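Okay, so subunit A shows up in both of these, paired with subunit B first and subunit C after.
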Partner chain A sequence: MVASEVRALFAVASRPEIVSLAGGMPDVSALPMDAVAQTMSELVLQRGPVALQYGGAQGDPGLRERICGVMAMEGIDASPDNVVVTVGSQQALDLVARIFLDPADVVLTEAPTYVTALNVFAAHQAQVVHVPMDDDGLDPQALSETLTRLAAAGRTVKMLYTVPTFQNPAGVTLAGERRGLVVQACRRAGVLVVEDNPYGLLGFDGEPMRALRADAPDDVVYLGSFPKTLAPGLRVGWALAPPAVKDRLVLAAESAMLSHSVFAQLAVDRYLATQPWPEQLKVFRELYRERRDAMLSALAAEMPEDASWTRPAGGFFVWLRLPEGIDTRAMLPRAMLPRAVAARVAYVPGRGFYADGQGRNELRLSYCFPSPARITQGVAPRRDPAPGAGTAGDVRPRPGRPG
Partner chain B sequence: MVASEVRALFAVASRPEIVSLAGGMPDVSALPMDAVAQTMSELVLQRGPVALQYGGAQGDPGLRERICGVMAMEGIDASPDNVVVTVGSQQALDLVARIFLDPADVVLTEAPTYVTALNVFAAHQAQVVHVPMDDDGLDPQALSETLTRLAAAGRTVKMLYTVPTFQNPAGVTLAGERRGLVVQACRRAGVLVVEDNPYGLLGFDGEPMRALRADAPDDVVYLGSFPKTLAPGLRVGWALAPPAVKDRLVLAAESAMLSHSVFAQLAVDRYLATQPWPEQLKVFRELYRERRDAMLSALAAEMPEDASWTRPAGGFFVWLRLPEGIDTRAMLPRAMLPRAVAARVAYVPGRGFYADGQGRNELRLSYCFPSPARITQGVAPRRDPAPGAGTAGDVRPRPGRPG
Partner chain C sequence: MTDLDRVLVLAGGISPEREVSLRSGRRLQEALVRIGVDAEVRDADADLIDALTDDAPAVVFPVLHGVSGEDGTVREVLDLLGVPYVGATPDACRVAFDKPTAKAAVAAAGLSTPASVTLPKEAFHDLGAGQLIARIVQRLGLAVVVKPRAGGSAFGVSYVAAAADLPAALMTCVGYHDWALIERAVTGVEVAVGVIDTADGPVALPAVEIMPASGVYDYAARYTAGETRFVVPARLDPRAAAAAADAALTAHRVLGLRDLSRTDLIVDHAGTVWYLETNIAPGLTETSTWPMGLAGAGLDFAVACRDLAAHAMTRAGR
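Here is the complex of A and B:
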């Protein structure tokens, strides 16, 4: 989908009569606004001259230390010296691409993969080669074969970009026993692993998965962020990188923006220091688990036998495959205005998540933002709206991170 | 100066016994912290679910409209549709460079010019060619000759990067009668003008200068920002560009960061809407005027006859030329530890502001942050510190925007 189509899609999706299963926005209304307001206010009154001033390009040292504590929840043992604070993990990915990618370099990704990562790689004139994925995530055997094939063809593969946990868009998670194999295959081929992990702390069962980075500090650049676990509106993300890469990231960050907002950084740091953030994570997990359940139930009740879909154990997304022959893009968004009135649902068609034209009969369904009742209504759009439905918070002028 | 030297310089400059005339940080302690805190708090309580959510890549529409009002103070008539909000004007410059520059392209700049702009152009492998400047700013005749010479040599000149008003680092302003000539010369040569204007509203005399962009909407990309007129810690800047360029900037911004912090954008918007910001600008102007006066008086009293310096009518900086044969870099920063104890002053040596090795006997003096008494002490470092001096606010772990 080209940008204008995406904009048209989200413009339609923001109409109140439409259930939007399109955007990937976290439900920030679940935050305790009083506590957030107090955090901001105290930060200005107590540390205003620092919070409102310029900061260093690497990011606030106190926040970087706190970030190391967050990553420890996924088994990562890291030094604040190797963390670089960025404008969301999006900027971290862009800076990594800027450092490593030359035109015609190959980037490996899952199939499907995060839309805006494809934009970044295209902007740097790299070529994306997909590696097959199943319900246990990336297939290590297929990864090894792809690396061998590309090496034989004389191609330069610079990195594997992967969202191993609760993937966007497919909602699948790389199985524990595959994690070491994926890293080993890349290490043997001299290929950097870029682990993008925005949803890792939003699992519905048990403890967080162990990050790829936890067991491979020299092979992995880890990208983390607070938009899904706190609030996107502060745009605080980070990269954790081996020291030589980190040094280049700091220089790239300085050239790209001088420094991130010190206020936003210190607000995140203070919120985590003074508020019960682990409890907040539980609130988010329960909220999204309930919505995931509503979506899986509705899909089981409504979808034809030859449709299939993923069953996410965390995160925001279900990936749906409709029968061959159906074009999920043709239904949206140009044709959406007349059809939407009948269908009353918006989603993101599948092809945009691939670099090679796959995904024609596939689509991404987001359950992160609408209420369970609205989700049910959206998946079964022919029913009359339930009384009281239709006021859920999925009405936004334009959601970010649509991919 | 390489990055490690700059870091060493600022590490030394942050010691309390040193008067730092090095960093270009605005004195944000002059802001009414109560009002800032209240603005932040109300924003969360009244618009939390929007302020803490993702936003669009172009920036908040309300803020973009308000930015047009700010630019109107410099004679610019613009539509919010053509404004793109960025992480300071630094990111705007980086995105412009990303869109326009190919390796070996030429960028014209004043001599000297803003250090971190040189970093951006180097990151995009462009070559900087300096155009001479005098006390009335860029010399239009020299600009035309340079354009002719480069065209004859078959070079591709993509843009003129200029800080026409209260320039960083030289403190000079492009005279009104030269402004049209500079734009015309670039228009004739098909060269884009990038007008970087962080200090334009911080003039000490009369009304703001008319921006280059005011009379040349199709030829100029204008970069503006709030760090110097409100607070750097929110990192809100913008580009105003002709529509076709604007479209490409929005796509580049989306790829680079998805969107800037909505919270930071709405905080700026709300502060300007609810607080007496024009009065705040007056406070800043008086503050910096007093410090400029202290620096010019001290220079007149202390400098030898064969030194010369600029007399800024606004902004943050004085440019000082010492007699030939003096190497301002050799005094700093490697040799600074022993010397600093004697000299008790830090500044930025001149060579880093040129791409071609000029500036050996020159240096930049910033008067924006220390108190007048500290400035006097710094320029005449051999005197004993005045009683009570030494506690001015120039002690910071690492100032941003050092260039």
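Here is the complex of A and C:
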């Protein structure tokens, strides 16, 4: 890891003057803190000696059983024996990479993909090859062609890493009719599917999508987590894997951390057991739906005709594509740091979500944290310069305006 | 020594150098506290004037970098409030912060500075970028360094070896400033020379030689531990070392600076010292060169900074 200009700019995003549409932080203030406190208190008073002790590397058996209940909401029929509890799903991904990837192996991902997954693959010296995606998610035809091309080139493709539902960063969802095709293409090529699903229960319309893992238990390693549906500070995620893979994951987890925080695991387990968590999910969905609507309305009102963006049906993110020739990274300081204006905005430039330099004219907007009014303020061009600010001009990413 | 009451370290701000400034501020505050000075650190935000009015510190030590911090804005406000501070006056800041103005000032005093062209982004838009870029390359040759007219930490700075890469470099640059300074690249030993005012006048600290592993002293090389090797004192022959020290002192004097400054220079293979720019609020982080120069001179960072603060109080008649 090295210091980077973009990361330094995000240090400024914490200032109240800036509307941050950059981070992917869930709004935990929507949690009933009194209920959380009560849960924690009871846990310590009733099970302190267990909660504060070491635990097993696979994770607490009771929590693993409860996790199976959570996954059942997305059509997954799983045994707690095949679940490994991890520090967020990020650690699960790192463990999967650790046991599967050798240097120069190929990992297929969507284009764009989750930036921190790219960091994991880079750390394991794997090469990422992107597969095109449209509004219905990964293109199965392009996936098959990519697999054929790489096989012909003698490359070893180890896995497809996909966030099929309300994807980070693009907000798109792999269409139901494509799901089987994606898994089949990978099965034919002997490629493992790693399904990362942190947002699956945060859909705004109808029932949760059926997970890839639900219909392909032998082909898919499923990564789940509670940060977006409960609290990221507890850092509880998991992997569901076929038994042989699970055994290796447990060994890798043991060498990585001995055991996960038992306290955090039991806190999640108890919260889910004693609190109306499904109702809490509804609260989160409504909160994020309202913010998604604010962002889409603002984009529709403010963006020029030659800009395009995704319309997420859940999750946290909108992906915005501006005309060719615009460099969203070069524009970021202009958006964040103009002086004496009412609204300054932070976003994440697109290039970081690709391994191959694409995404210059693209950017990720998060609607998960700011209020709808702040989102509108952040997306809208600046029309309200403060007294004395003069005619500094519009700083929003718009075509035809260098910088 | 004046009894030094509360020192307020101003750090953060809303420039891209916020993170660097916060690191500098925390390090300075901890160093002062360690030697018994009552020091706190706070951001420069909308509550600053109230805070300075309601509970005025004995002296402010600004370590704000970039716009507001180094362009004289905050110091002008401190002057308005009658709060003493460490460092240059607003007038001097305005000159030093503007790289082409500073270059012209030191050149008039006899220093060498690389040939350069300074243009606003509108010029490329209104007058035809292609023609303009061709003329710039014709005048300066290649390689060139493209940098924002003002600002630090190498934000928006690009080293350009091929004319085809100039448009992208300009685009990166104007993200940070409406004007670009395009400067002929000079090859040689890159050094930073700190200056500190003492009772006997300004003193140049030993030159710090900068050797980025990547070859380019960009943001990552500056602030990632281990990415750049520093050698103190720089491996210069005695004549070049003396010329570098003299250049830093000349810049400090000509630009009207006080208390502390850091001048960035390149010493080429012929021994010529080339002036690049001067910082009036140099970074004070673990990987910053001004504190390295202090250490190279055998001076204690905390003591030197305390003395600067005490001197600022005395200067204000307190």
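In the analysis below, the second predicted complex is superposed on the first by the 366 of 403 C-alpha atoms of A that agree within 3 Å, B and C clash if a C-alpha of one lies under 4 Å from a C-alpha of the other, contacts with A are read in each partner's own complex, and residues count from 1 in each chain.
Just so we're on the same page, contacts are C-beta pairs under 8 Å (C-beta built on N, C-alpha and C of every residue); 3 or more make two chains touch, one makes a residue touch a chain.
Model, not experiment: these values are computed from the prediction.
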- Using the touch definition from the top, say if A:R15 reaches subunit B (first), subunit C (second), both or neither. second
- Item | Comparing the two partners subunit B and subunit C, which touches a greater set of residues in subunit A | B
- With the two complexes superposed on chain A, say which partner A:G154 touches: subunit B (first), subunit C (second), both, or neither. neither
- What is the contact status of A:D327 with respect to subunit B (first) and subunit C (second): first, second, both, or neither? second
- Is A:Q91 contacted by the first partner subunit B, the second partner subunit C, both or neither? first
- Query: A:G357 contacts which: subunit B (first), subunit C (second), both, neither?
  - Reply: neither
- Which of subunit B and subunit C A:L45 touches, first, second, both or neither: first
- Does subunit B (first) or subunit C (second) touch A:P103, or do both, or does neither? neither
- Query: In the superposed arrangement, which partner chain does A:L251 touch: subunit B (first), subunit C (second), both, or neither?
  - Reply: first
- Task: Across the two complexes, find the residues of subunit A that touch subunit B and also touch subunit C.
- Result: 3
- Query: Which residues, counting only subunit C, touch subunit A once they are in their complex?
  - Reply: 14-20, 22, 45, 67-68, 121, 124-125, 153, 155-156, 168, 171-172, 174-176, 178, 219-220, 222-224, 227
- Message: Give the list of subunit B residues in touch with subunit A in this complex.
- Response: 3, 25, 28-29, 31, 33-34, 36-38, 40-45, 48-57, 61, 87-88, 90-91, 94, 98, 116, 119-120, 123, 227, 231-235, 251-252, 254-264, 393, 396-401
- Touching residues (chain side subunit A, partner subunit C) in the complex: 1-5, 7-9, 11-12, 15, 17-18, 327, 329-334, 337, 339, 402-403
